[in-house]
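Got some structures for you, see below.
The two complexes that follow have subunit A in common; it is paired with subunit B in the first and with subunit C in the second.
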Partner chain A sequence: MSTSIRKSLAWLHAWAGLVAGWALFMMFLAGTASVFKEEITAWMSPELGPGIDAMDALEAAEARLNAVAPDAERWSIRLPSERSPATRITWRARDASVTESEMLDAGSGRVVAARETRGGDLFYRLHYRFEISNPVRRGWWISGAATMFMLVAIMTGVLTHKRIFRDFFTFRPRAATQRTWLDAHLLLAVPLLPFHLMIAYTGLVPIMTTVMPWGMIANYGDERPLLEQLADLDAARRAYSSDRRADPAAQRPPAHVPSPTVALRSIAEQAAQQLGGPVGSISVRNPNDANAVVEVVRRPGGALSNRPARLLFDGSTGDPLPVTTSPSPVAKIQAALYGMHMARFADPMLRWAYFAAGLASSAMIATGLTLWIIKRRRRFTDQTRIPFGHWLVERLNIAAIVGLPIAMAAYFWANRLLPLDVAARAQLEVRTFFLVWLSTLVVAMLRPADRAWAEVLGSAAFAFGAIPLLNALTTDRHLVASVVQGDWLMAGFDSTMAAIGLLFAWCAVKVAGRTRASAAEGTAVPSALDSSTWRSHE
Partner chain B sequence: MRSEAIGPGTRAARRGRRRGVEGPRPSLVRRRADVAARAAAAIVGGYAVAAVATAALARLLPLPRSDATAAATLFSFVVYTVIAIGSFTAPSSLAAWLRISFATAALATALLVFGK
Partner chain C sequence: MIEASLYLLAFAAAAAGCLSIERRHIEVFGNPPSPMRRLLLKIAAWILLAAALCEAVFEQGPGIGAVEWTIAAGLGAILLIVVASFRPRWVPRLGVMAACWGMALTVIG
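Our next item is the complex of A and B:
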């Protein structure tokens, strides 16, 4: 490859990475947290204890649905598991456009008395749609665009890289600052390249018919002008999905003849044996109608596909209905790609591996953003005036890389500290998250960059490190109690927070040390992340 | 070290760099216009090619309709990535746009002629 093309690619890598870097960092960090979405929700609902029998929960859920929506179009029940102690029921009334949902207490079947919280769902929504709900798919376009930048950045990064195998193992912590940061960036990027590429590409799969609907329009579109179809894809999407679903029984229309649906417990117990594993969720189409169809889905686990094994039953007789067990190869590939991204199949060990790899991806993006600043800083060392763009990038880096984690910790603090009966409590938690995030940006803008780095890192260390203590002071499910009771969900959350706090403390000490060292030398470096040593190595 | 300020550069600058000499450096405005034209080619042009390619493949792949749609859409992001990077490695922004126009026209023709 000629040098000039390599230079173009390096340029593109730096700029594509910068333009989408902050959005991508948020998507990766929120996505990494979403690996433990259920566990986060469970920690944020400390009133819900472990040890609930799934079949009792099913009976309670069925009773509740029969009371609130006996003639809905569809019911869904997600049963409790070791990852999530609550039962979630959702239903959609006939001709309604919205789906309603409730969390249930399994014992009483009543709406749960847990504090109102969005739990891990906030991070999940941030991850793929930037918490934008109106119009509902705008966030998908933004995350799709950012992901395309990621793919361009990954591919240009690989193509520019001459010594990809040597750099696999190179780390020089004592070398010049720029070289250290570059080594760190490469060390995070190169060995995990398959993961970065996989997670970026598969991230497009769940949203692909929204951001790239042209194949669907070509095959399932109608006579309307293209732009009109693009604005309203519902008709094409319906035609496409009914063509894809091979089980006609699952789509049976209502007969409009009332007929009570058989007890779900008996169906679920029968299905669990056939599925060879625990039941994860149950949905009923046309409940209490002669044409009711009950779909029992195995709890994800073991299989990569995002469509775990399922069985269909006639809702009014309880007899099994035929299920197509062999989807086409393309459908299998698509389901596997989707499944790889969502990681719902993963057992706890693999889930931790996804979490660690997600953190590494986030750190790769963070080191890339930092490198952008460090590489350009040499131009300004002799000048006191730093260009506005450079100043802004460094501030946004601080607010994104450390401000976002602080906001996440603040969200957990709000969950424990807000009064339980305050109105719109869940919304207040979310508002705390965004306000704290904004305030880290303000701090970054008001302070000199090196001080700002040290201060926000120190704040992050405190915000995470004190969470186990906060939990112990505000609930009776503190770390010691959790360990004694073998409640690994609570214990795991508390100790992970403490570990993250220690990591931030280590970073804060490093940065503060460099700031002091450069101040002692009398060199006015614009930021603590750099030292004055880069010159001698260039 | 001026190289990182140059960016993809104009054709003249590239020719100069290839020969190992720094040719006359194009003006800042020209360099900015070149980057803007390439970025537009990568983002807008890349999407256009990917969109038409997806529609054409969805119609033309010898698979059941739903499978052809899924396969074409899964492939579209590869097309987009390649076109986006190609826009910045092309000898000039004009060349990038010419390639994109040609690819779009060829795929659209295939879609309209064979995809009915």
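Our next item is the complex of A and C:
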């Protein structure tokens, strides 16, 4: 490849990476946390204990639903698992527009007063829609655009890398600063290249009805002109999703003839054998009606698809109903790509692998953002005149790369420290998250860059490292107790937080050490990331 | 535990591949590898990777197996490169241990 093309591609790589880098870093880190969405929610609801038998939970849920909504239009029961001790029941009354839900204690069948929290759901929403709720799909557009930048950055990155195979095993931690950062960037990028590509590409699948609606309109559109349909996709979206989801048998209308629905436990036990795996959720349409239909959905696992296998049963007789629709090959591919991104099928080891790979992706973006600064800094010999753009990029780097993790830790702190009966508690937790994130940006802007790096890294080390202690002081499910009881969810969360804290502590010590060393030498380039003591441009 | 063997085999494959690089071989053993040795190391690396793929597909089916193998190969390589950069002499020992454990777990499981 000619040098000038390579140079242009390198330019594109640097700028595509910079423009979308902060958004992508947040998407990757929040997405990585979302791999353990259920576990995070469980940790943030310490009132819900472990060790619940799913079938007992089902009986309790059924009794509760029969008590509160015997003639609802639809019941749904999400059963507990090792990942999530909560049994959640939801129901929608006939002619009602809202769905109501409750969390149950399996032992007593009573409603649990778990603290109000959004748990891991915050990171999940942040991941693909930036916590923007109005208009709902604006966040989809932002994440879709950022993903396109990611794909551009991956392609140009591969093409500009001169010796992608020859340098595969190269990492020189003791080389010059810029070389080491570049090596680290490549170390995180190249071996996991298939993962980065897969995650970026499949990330478009869940939002494709918004960002690439042409195929959907061609197949599910109506008679209106194309531009009108593009402006208002709701009709096509409804037709598309009902075509994918609905089985005619599951949609049958009520007969308005009362007939008690058979015990769900027997249906679930029978279904679990046929599905070849544990039952994840059960829903009943027209409960206690002669036309009741029970749908049993397998817990995700055993297949890539994001639509786990399901079975239908007649609710009043308990007999299986035929599942008549079978998805088209295209729908199957869509479900597999979607599933690959979500990794709901993953067993614990693969889940940790997704988590580790996601962390590597996030770190790849972080090293890329840092490189942008390091590479350009060399151009400035006069240390007092730093362009505003560079000053801003480094500040945003600090707030994104370390500020976001601190905000995540603060969210966990808020979960444990906010009073349980405060109004709008869940929103307060979320507000804490954003306020702390914003405050890291303020700190980054007020302090010299090298100090700011060391200080925020130190804060992150404390914020994460002290979480096991915080948990021990505010609940009775501390690390020792959970290890003794074999409560691996709680123990895993606490020890992961401690490990992340140690990692940040190591970074902080490194950065502070380097700052001190270069200050002792009296050089003009004393920074943490070797990035000089910049002041703002004024 | 059998699933861990996939990750061990991927790490061992990366170790063999790394040692087949002349500069890395010198760092570890103090001398450049003979052409025969280089070839054998390369073959070992590819065989270990293929074994890991078989293991993953056999355990998890072709879909999930391929995904897990891809991630395991990447993570194994990253971990190995970090080890090789800070503690080069550990590479052959850890590589052989990972290969043995990986194969043992596969056979037992």
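Note that the second predicted complex is superposed on the first by the 462 of 538 C-alpha atoms of A that agree within 3 Å, B and C clash if a C-alpha of one lies under 4 Å from a C-alpha of the other, contacts with A are read in each partner's own complex, and residues count from 1 in each chain.
The working rule: a contact is a pair of C-beta atoms (placed from the backbone, for glycine too) under 8 Å apart; a residue touches a chain by one contact, two chains touch by 3 or more.
Keep in mind that this is a model prediction, so the values were computed, not measured.
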{"item": "Room on subunit A for both subunit B and subunit C (clash or fit)", "value": "fit"}
{"item": "Greater residue coverage of subunit A in the superposed arrangement, subunit B or subunit C", "value": "B"}
{"item": "Touched partner set for A:Asp243, first subunit B, second subunit C, both or neither", "value": "first"}
{"item": "Partner chain in contact with A:Lys375 - subunit B first, subunit C second, else both or neither", "value": "first"}
{"item": "Touching partner for A:Met216 - first (subunit B), second (subunit C), both, neither", "value": "first"}
{"item": "Which of subunit B and subunit C A:Met55 touches, first, second, both or neither", "value": "neither"}
{"item": "Touching partner for A:Met340 - first (subunit B), second (subunit C), both, neither", "value": "second"}
{"item": "Partner chain in contact with A:Ala356 - subunit B first, subunit C second, else both or neither", "value": "second"}
{"item": "Partner chain in contact with A:Val509 - subunit B first, subunit C second, else both or neither", "value": "neither"}
{"item": "Touching partner for A:Ser328 - first (subunit B), second (subunit C), both, neither", "value": "first"}
{"item": "Smallest distance from any CA atom of subunit C to any CA atom of subunit B, in Å, after fitting", "value": "18"}
{"item": "Subunit B and subunit C contact sites that coincide on subunit A, given as residue numbers", "value": "none"}
{"item": "Interface residues, subunit A side, partner subunit B - complex", "value": "2-5, 7-12, 14-15, 148, 151-152, 155-156, 159, 201, 204-205, 208-209, 212, 214-220, 240, 243-244, 328-331, 333-334, 337, 375-376, 538"}
{"item": "Partner subunit A, residues of subunit B touching it in the complex", "value": "1, 3-4, 6-9, 14, 17-18, 42, 50-52, 54-59, 63-74, 76-77, 80-81, 84-85, 88-89, 111, 115"}
{"item": "Residues of subunit A that touch subunit C when the two form their complex", "value": "168-173, 187-188, 191-195, 198, 302-304, 336, 340, 345-347, 349-350, 353-354, 356-357, 360"}
{"item": "Subunit C to subunit A touching residues, read off their complex", "value": "3-4, 7, 14, 17-18, 21, 24, 60-61, 63-64, 67-68, 70-75, 77-78, 80-82, 84-86"}
